[in-house]
Structure formats: structure tokens, C-alpha cells
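In what follows, a structure is listed as C-alpha cells, so that the remarks can point back to it.
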Amino acid sequence: MIDRRALFLHLAVLAALLAALPMLAAYHVTNIAKIMVLAVYAMGYNIAFGYTGLLSLGHAMFFAAGLYAAGMGISLFGLSAAGALVLGPVAGGLAATLVGLLALRTAGVAFMIVTLMFAQAGYLTILYFVKYTRGDEGIVIARAARAIGSVDLSADTPRYLLAFGIFALALLLNLALVRSPFGRIMVAMRENEARSRMLGYNPYTVKLTALAVSGVYAGAAGAAYAVVFGYVGASLASVQYSILPLLYVLLGGAGTVLGPFLGALLMFYLIDYASSATSAYLFIVGAALILLVLFAPKGILGTLRERHARWLP
Amino acid sequence: MQLGSIFLLALLEGLVSASVLALTACGLSLVFGIMRVVNVAHGEFFMLGAVLAWFTASLMPGPPALTFVAALVICPLIVGAVAALADMLVLKRLNYEPEATIVATIGLLYILQQGALTVFGPNALPVPAPLDFRLQFPGFGYSGYKIAVILAAVLLLLGLWLILTRTRIGLVMRATQIDRATARAFGINVDRVYAGVFAMGAGLAAIAAVLIVPIQQAHYLMGADPLLLSFSVVIIGGLGSLRGTVVAALLIGMVDQMIPIFMPVVFPAYGAWFTPTLAKIIATLVVALVLVFRPQGLFGKRMA
Amino acid sequence: MAAVILEARGLTRHFGGLKAVDGVDFDLRQGEIHALIGPNGAGKTTFVSLLSGRIEAQSGRISFDGRDITRLPAHARVRLGIAYTFQITQIYAALSVFDNVALAAQSRGSHPLGAAAMEALSRVGLEARKDQIAGTLSYGHQRLLEVAMGLALKPRLLILDEPTQGLSQGEIETFNGIVKSVVPEATVLLIEHNMDVVMELAEWITVLNFGQVLATGTPPAIRANPAVQSAYLGA
């Protein structure tokens, strides 16, 4: 049951992104490509947090699973870029499932801390195996390896188009998911777990499935990041990268399909603008987090949906 | 050095780090126990205490011992005031809703960290030790200041315990912990208690930091380790239990310090593949698993 | 007499020193409307929570349709056909009335979903409000929505915990009609304080007091029981 208006809106956003490509300066082409990749990550985060109510502080681990599966697959095992893009989501989904099996025995604050701890262990593991991961310094993927067929993905236009393709696929699947019967169950779990259990839904398996899907998204974004930008480093697995999608989702609107993209877009340019003025971009992140939870906990699209457009998915 | 001396040295180092950790973690535990707030910015209050100690020590004229004592009083007060302000302006308005509160304290973490970087710069800031004598142990000499840190922490923890169990303030805090609404009905100003508890928790972290800066320099990124260690301590000790927190701090502080000193002696592979990073990985996983399988902590009793 | 569909033996749940449910033996017959009554705090909610699996039993045994379900988690019992409506209304306040019921129908695997959900809504008379946000319904309508969710599960045993609390007289009559229409295909276990509703609907009554069965029998037998009169009805 996909509302006509909703489908049209999402297709229009995609069309606009595609139409924008020839008009954008090179600098913005790279930026928007990065934003689209990070938006896929945030969409995955939103499936867990926004739709299912699982506030994780450890998604960097799932992002990093895809990132390193791709990066190490290419640099150590001679995997192709296309193969890496397939392996990434698998790795992300697997990591999320393993973490979820344990972490979902807890809830609320304990869940936040457990996911934080697991992700921290993951981050330290990357540092520990510095011989293979190159630790903080990271892996730079050779330009020759970043190609699908004869298309060089390190050039602006192909890189934008690849990021766009992954983003479009992720967005439409996200839309289909939240409008599917399972999407309704995810929301039910977020809204009232006790009630959902007494309707015959097993909270553990529902949440585990949602978290796994979320991990697939994060892993896909990680792999895309590695292939599109050619860099894989430990800082991308740090706590900050778990907070980032939370910030995007809170800003754009938790539990909305376009929210993660909108949040990523605005936050990216806000930070970009701020860091050209001062070095204090973390101020912006910190202040944004506090102001959002204080004054706009539903984010931009969440507020819009509440006031004007209930059909917004 | 003899094995016995090495053991003694490791024990002392462990006690130093355990006592500082106990103070820091008690602050976190107090805030969680009474307010049910998980304060992710706790490590930044620690860091703030440390850089302010440097600021006080380098700005105030007079001998190091005097400026240090001044820092020991001033820094926790300033940090406590910052915390009380954060509580009143942010946490209270969120009605202490657990998840929103955590997100807000993450925001606070970034702001404090960036604030310290902007004001104090990226360099490590040294603070001279107020005491300058060494104690001779069999086989090695040991900093008298470190011994003083252990003693100071023991006294402070005793003081905290007395405040919580023997004074009206402690009674009011416990009443608020048990039931906010009833406490309010009995005329307790719950808002003030909460701001006070949050300030006290931050102040404890700041005191711990002031004590440690003569040993370990102040730096704007130094908050991460005490945060993670305090979390571990509070989780292992049982959320909100102060006695459990102190026991767990002893355990974790000792293990944390003794591994790098003692392990290479008994375990030759240490350093080759059994590095401090691996030890950290294992510790982090253990803490996560404790929270999953024994949420009441290792020393707490399971609730019905 | 009809076959026993649910059987509990020695069912026990204490909260600390409080014996909320204390060694209860209990039989439900297929297709009956069975009322569970007793003073406040008698342990009625706890007892049906043990049956539905919302609370774990400390000892005792429950079998449903010949199958031991004592250790089965709540959601699995719902799938077997035991539906439970909460005493304290538990709806999805932020979702639409339709989505609330659709979630129940979907759990049952009903197809087509929309029709099944609408049927349940029309049985409680809420079909016109399907697009309203559930949290904005009046209290009585929320109770009826909760009942509709129970119906949409197409249960074999429907447990209703004080469903008429806060309903108007008109709504109570609608409710009585709904309950009567459920049997004899399904069985109903009804916790109820309103004696008129009990006497109108129940074929069998069990009285709980201090966590134990005080009496069980037909409505006239219960009415005549002196122990019940002094403990409860006499009040």
C-alpha cells in the first residue's frame, strides 16, 4: 500500500538529484556523492532507531564491517569493486545479527551501552590487527582497483552516479519496507512492545530482523564509501561514526524515509560551512544534538508530518 | 628487580589508578543511582577538572603545594557549577527521559571537548606535583605524591560515605532516589537535589582529575579513558550501587595497571601479541557481556 | 458437558511475600463464557497473566487444548489462539485505529488484511473512525478498540480483563452483544466487576480471593454461596 503522493515525492527527489549532476560544481559533486553514501548509512540507522525504536550507539561497527570487508577484500584479496559492493552489505548484516543476538537481550539504556561497548571492541580490534588494517593511517585503495568494468569510479561523474544508484535503491527499498506488513510490525514494536507481544509478535525476532536489515544498509554504505572514496581508516569505525547517523536522523526526522537524507544534507553543509569559519565544528554537532532533543525531537520531517502531511512515510 | 618488588610496584600503581577511578566512577554511579541519568559527558567533567587545575596552577602565584590545594578546591566547584547549569538548562527540561538524556549528554561531551580545545589548545598541559619526596621500598623508590593520592582518595570516599549515610543531605538524596513524587510532597525541592547531585557527580570526577594531573598531564582528549573505565566499573559493580562501584574500581584499576607491569614478567608473549590493546578489547567485551547476562553487576543481587 | 480447553493446576505466583496467585486449580470448557470475579487485589489480573504468559508461573502447570503451555512464551500462546486484552488499555496510541486492528489481523495471517480489520472494527462499531489516531479516541472507544484487536486475532480463547470499566450503558450493551457472538466457536474468560454484566453473560463463575479459589459454579450457585456473600457480594 504505497501512497501515490509518497511514491511521487520520493521519485521526484531522486530525479532532482540526477538532474542536479550536470549543474553542480566539482566540489559539490563530491560532497553530494558523500552525502548520498552517508544517507544510506543513516537510513539504515533509522530503520533500527526511527522505525523500531532501537537506539544504538554502536552502528559504526556495522558501517566499518562493510567498509573493511570492501577495503581489505580489494587490497588484500584482490576482490573486484563490484564484488566489494556485494560483500559489504553481507558483512554489515552479519555483524548486526551477531551483536543483536546478544545486545537485544537488553533494552533502553543498557542496549545503548552494550552496543557502544561492542562497537568500541570492534574499533580496538581494527587497531589491534594493524598489520592488515593499517590502523589509524588506513588503507588507500589504488585507483586501478576502483573500477567497475572500464568505468573509473574515482572520477567525479561515475562516482556520483554510483553513489546515486546505491542511494536510489536503498531509498526505494526503505519505502517498500516501511509500507510492508513487516514495516508495520517494526513500528508496533517501537510504539508498544507489551501490546505487540500480546498480538503474537516475538519482540526479539522482530528487533533482530530490523537490526539485521539496518546492518545491511550500514554495511552497504561502508562498502560504497570504500569504493567511491578509496579510503578505509579506523577513525571511520570510532564512536563518532556511531553518533553521526543518529544526528542526521534526529535532524531530518526519525521514522521518516527522507529524513536521514535531509539530515545528512543539512548537517554536512552546516559543518562544512562552520569549519571554514572556525575549527570548532564539534560545537555545532554538540549544540545540534542538544537543541534537537530539547526543541525538535521529531526532526524536520517528523514535525512536518505531524502538522501538515500525515501521509508522509 | 626481584619478583616481590615488581609485585609491590604493580600493586602501588594499581592502587593509585584504582583510587582515582573509584572517585570518578562514584560520581557516575551517584548520578545514575539517584537520577537514573547515564551521563556520557562524565569523562569531559574529568577533563575539565584537569585543564582547570593546570590553569589555576599556572596562573596563581605561590608555591606548587599552595596552588595545588587551591585547585583542589576551586576546580570541583567550577565543574560542579557547569554541571548544575547543564542539568537545569537541559536535562531537567527533558524530564530526565533516559534516551533523550543520553543524546543530550553526548552533545554536552562534544561542546565541553571543543570548548577545552578552543580555550586551552591542543597541547598536553603539565601540573607540578605539590609534594616532592620519594619513599624507599625494597628494590625501588616510589613517588610520595602517589601515596598521598591514595590516601586522599580513601579520605574523600569516606567523606562521601558519611555525607550519604549520616547527614540530612544524604537522607534527602536517598528519599529523592526512592520516590520523586513523595519526596516532593514532603517539601523536598527535587529540582535542587537533582542539580546538586549532578554537580556532585561532576565534582567528584573533577577532584579525581586534579589529583591525577601531576602524574598524567591535562589534555582536551583525556576524557575518553576515564569515561569508559567508569562505565565498566559502574556496570561490573552493579548500576547505582556505591559499594559495588568501589569494589569494582579496585578490581579494574588494579587489573588495568598490573597487566602492563606484571604480565611481561610472568608471560613472555606479552607485548608480542598480547598487547594493551588486546587487553582492552577483552575488557570491553567482558563489560558488555556482564551487562547482557548479569545486568545487576557482578556484586549486586538479582532483583525479583 | 463440553471438553475442557484450558486446564490449570496448582498455579502459583508470589510477589515477595505477597501470594498474588496461590495454588489455583482451574478449568475452562470449550465455548463457555466464564467469569472471574473477586475483590480488588484478589489476584485476578495476575492469574490471567499467568494463563496468557505475560507473567511467568513460579509453579504449577497449564495446558491448552491438551498441550502443555506452561513454559511457552506469551507471543507463542497468542499464536495458539489465546488472546488477552489488558486491564489498563494498551493500544498503539500514535497509530491509526485501522493500523491497530490491522496489526492484530495481520498476526493471525488474515487475508485480505483490510477486510478482516474492517470487520473487527464494525463489530465494535468503530468502522467510521478507522483513520483517527487511536490516542485521540474517547476512553470508552479505546476500550472497544482493544476488544476489536482481540476479535481480529480470531482467538480460540478470549481473555478480557475488566473490559466494561469506563464504558457507558449503551456501550456495555454493544459489548454484551459482541461477547455473546463470539461463543460457542471461541471460549471467553471475563474478569468483571459489573455484576449485571456477569449475570447477563456468564454460564460459569469462579471467585478468587487472596490468590485462591473461593468458589466455582453456576451463577445461581455462586449467588447462594455464603462464603462468597460474606467475602464479596455481601459488601
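Letters A, B and C mark the chains in the order given here, with residues in each chain numbered from 1 onward.
Methods note: a contact is a pair of C-beta atoms (placed from the backbone, for glycine too) under 8 Å apart; a residue touches a chain by one contact, two chains touch by 3 or more.
Since this is a predicted model, take the numbers as computed values, not measurements.
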**Message:** What's the contact topology between the chains, one of line, ring, star, complete, other?
**Reply:** line
**Prompt:** Just by CA atoms, which chain is the most central one?
**Reply:** A
**Complete:** Expressed in whole Å, how far the mean CA point of chain B lies from that of chain C is 52
**Request:** Please compute the C-alpha centroid of chain A, do the same for chain B, then give the distance between them in whole Å.
**Result:** 34
**Asked** Which integer distance in Å separates the CA centroid of chain A from that of chain C?
**Response** 43
**Asked** What residues of chain A sit close enough to touch chain C in their complex?
**Response** 181, 184-185, 187-188, 191-192, 194-203
**Asked** Residues of chain C touching chain A in their complex?
**Response** 52, 54, 73-76, 78-79, 83-84, 86, 90-95, 99, 102-104, 106-108, 113, 149, 153
**Request:** Could you please specify the touching residues of chain A with respect to chain B in the complex?
**Result:** 55, 57, 102-103, 105-106, 108-110, 112-114, 117-118, 120-121, 124-125, 127-128, 243, 246, 250, 279-280, 282-283, 285-290, 292-294, 297
**Fill in**
Listed in rising order, the residues of chain B that touch chain A in the complex are 38, 90, 93-94, 98-100, 102-104, 106-111, 113-115, 117-118, 228, 231, 235, 275, 277-278, 280-281, 284-285, 287-289, 291-293, 295
